[in-house]
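Please find the structures below.
Paired with chain B in one complex and with chain C in the other, chain A is shared by the two complexes that follow.
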Partner chain A sequence: MDGPEEMDWLEAELKRALAREMPPRDFAVPRRRPAWRAWAAAAAALVVLSAGSGIGYRQYRGREAKRELKLALNIAAAKTNRIQTQLREFSR
Partner chain B sequence: MKLILAAALAGCLCGLGAQQFPMKIDRLAAQASDKIDVSLSGSLLQFAAKFLDDNDPDDAKVRKLIVGLEGIYVKSYSFKNANVWTEADLEAIRRGLRAPEWSRIVNVSGEDGTSEIYVRMVEKKPTGVAILCAEPKELTIVNIAGSIDLASLSELSGHFNIPKIPEKKE
Partner chain C sequence: MIATEAVATTALDFNGLVREHQAMVYSVAWHFLRDRPLAEEVAQDVFFSLHRNLRSIESPRHATAWLRKVAVQRSIDAGRRRKRLPRIGLEEVPEPASFDARYDPWLGESLRRMVASLPEAQRMTVILRYQEEMEPAEIAAILEMPLATVKSHLHRALGLLREKLERRGMGER
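Let's look at the complex of A and B:
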């Protein structure tokens, strides 16, 4: 079965498979897409980017406002507590 | 033209309605070593409230406390040396609290300085609180616009890093 005939057949198959083929005629010609597609893609990317940065900025401002709120209440509570303590001491 | 004037007037009224008395301590701001200046109008309070986490017990307390508030304004200045502020500075602040709707409910003076609490009443309803604390090396003014429970506010002491001031033992 592994005789010279079989080898010839295999060689022929390999040659055929690896044979150089000419590329199609339009292979090197760049395929041009319509200009509106490029603009639409750019616009979509811009919308996504600005929406993303807008959400990010909103999150930042929110966290900052929360931090300021806690700081303000922190100070107000500490001062109220201090005054209460002073009053208690005076009433003794 | 009338529309523009009306809009400008509304803007001025809104501005007045936010902070309830002028906090004129610019002279001291220049001499402070540490300055805290927080100005949260009603809309900013609402915005901040959206970022409070109800699963966090401290945040839940804050949310409960700020219901009905229209603004929180704090100026707190620390000084390296004592006696930077003068009685004239305190008088300038008090002048803004002499309006008929303001009443001083607490006035404690001692070696540690002066502490005063004012309540703003409109039609027999509390609409604001002012706290003036003048310590030797610190001056703090707080204006909370709206209705707030001072006892609940005081209870925040000991929470979110607020040091609870211990009572002095005799």
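Let's look at the complex of A and C:
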């Protein structure tokens, strides 16, 4: 702040530079959501739902596979036991 | 006088208030944030609050003061929430409202950018002083700070701006 004249010049420029501006749209008019945004929101929801159900289905398939594997192991173990018993009987 | 005030009070309609004050609310946010979409969001938020609080607004003068204060608070909040630096695109350079042969748009744009780079309190003080043409005492009330602090912010901000302008060869003409 060197002097009042310089202050006045800068202040006048600031007043011009910072003059009020009208906004790009009238806020008194309610803005409708553009149709493409509604479609985009619906598509995004569909993607999320599909991804969610996809994950659920994969988890279900995993549980099924585990159950089938357990069953197969049980059958194999039962068969092995039976063969072992028969072998023991033959060897007597 | 009382009758006039009563008429004014009953005549407070939301759309009228929005149309009257939208340039003020939007410009406080825009000059403070230098981000047009964010300034629009802030302005929308301010008018949404006005709609909710319309019953508590007693007069047009009260509405002006209320909107100015809320616009200032919301702009500061938005600026604090925003961590990234303000991005300035070519589309954000404002169209001049009217032609003024004495006005240098390049200087105006440089000044707006420089104001946007000031520290938060100095920036809002400068905006209220030169956009809203408020007195330091009014600024002190709206920003809830002592008058001496407001004067100090203005003094420092003007010093910084002049220094930057001179460094760029855009000093006094």
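Definition applied: the second predicted complex is superposed on the first by the 61 of 92 C-alpha atoms of A that agree within 3 Å, B and C clash if a C-alpha of one lies under 4 Å from a C-alpha of the other, contacts with A are read in each partner's own complex, and residues count from 1 in each chain.
Note that in this section a contact is a pair of C-beta atoms (placed from the backbone, for glycine too) under 8 Å apart; a residue touches a chain by one contact, two chains touch by 3 or more.
All of these numbers come straight from a predicted model, not from anything done at the bench.
> Using the touch definition from the top, say if A:R92 reaches chain B (first), chain C (second), both or neither.
Only chain B; A:R92 stays clear of chain C.
> In the overlaid three-chain picture, which partner chain does A:R61 touch, first (chain B) or second (chain C), both, or neither?
first
> Quick one: is A:N81 in contact with chain B, with chain C, with both, or with neither? Answer first, second, both or neither.
first
> Considering only touches as defined above, state whether A:L14 meets chain B (first), chain C (second), both or neither.
A:L14: touches chain C, not chain B.
> Does chain A have more residues touched by chain B or by chain C?
Touched residues of chain A are more numerous for B.
> By the touch definition at the top of the document, which applies to A:K70: first (chain B), second (chain C), both, or neither?
The answer is first: A:K70 touches chain B but not chain C.
> Which positions of chain C touch chain A when the two form their complex?
My answer: residues 14-15, 18-19, 22-27, 30-31, 36, 39-40, 43-44, 47, 94, 97, 100, 103, 107-109, 111-112, 115, 126-127, 129-131, 133, 155, 158-159, 161-162, 165, 172-173.
> So in the complex, which bits of chain B are touching chain A?
36, 38, 40, 44-45, 47-52, 62, 65-66, 72-74, 76, 106, 108, 110, 112, 115, 117, 131, 133, 140, 142, 144, 150, 153-157, 159-165, 167-168, 170
> Please name which positions on chain A make contact with chain B in the complex.
Result: residues 61-63, 65-66, 68-90, 92 of chain A touch chain B.
> Give every residue of chain A touching chain C within the complex, in rising order.
The contact residues of chain A facing chain C are 1, 5-7, 9-11, 13-28.
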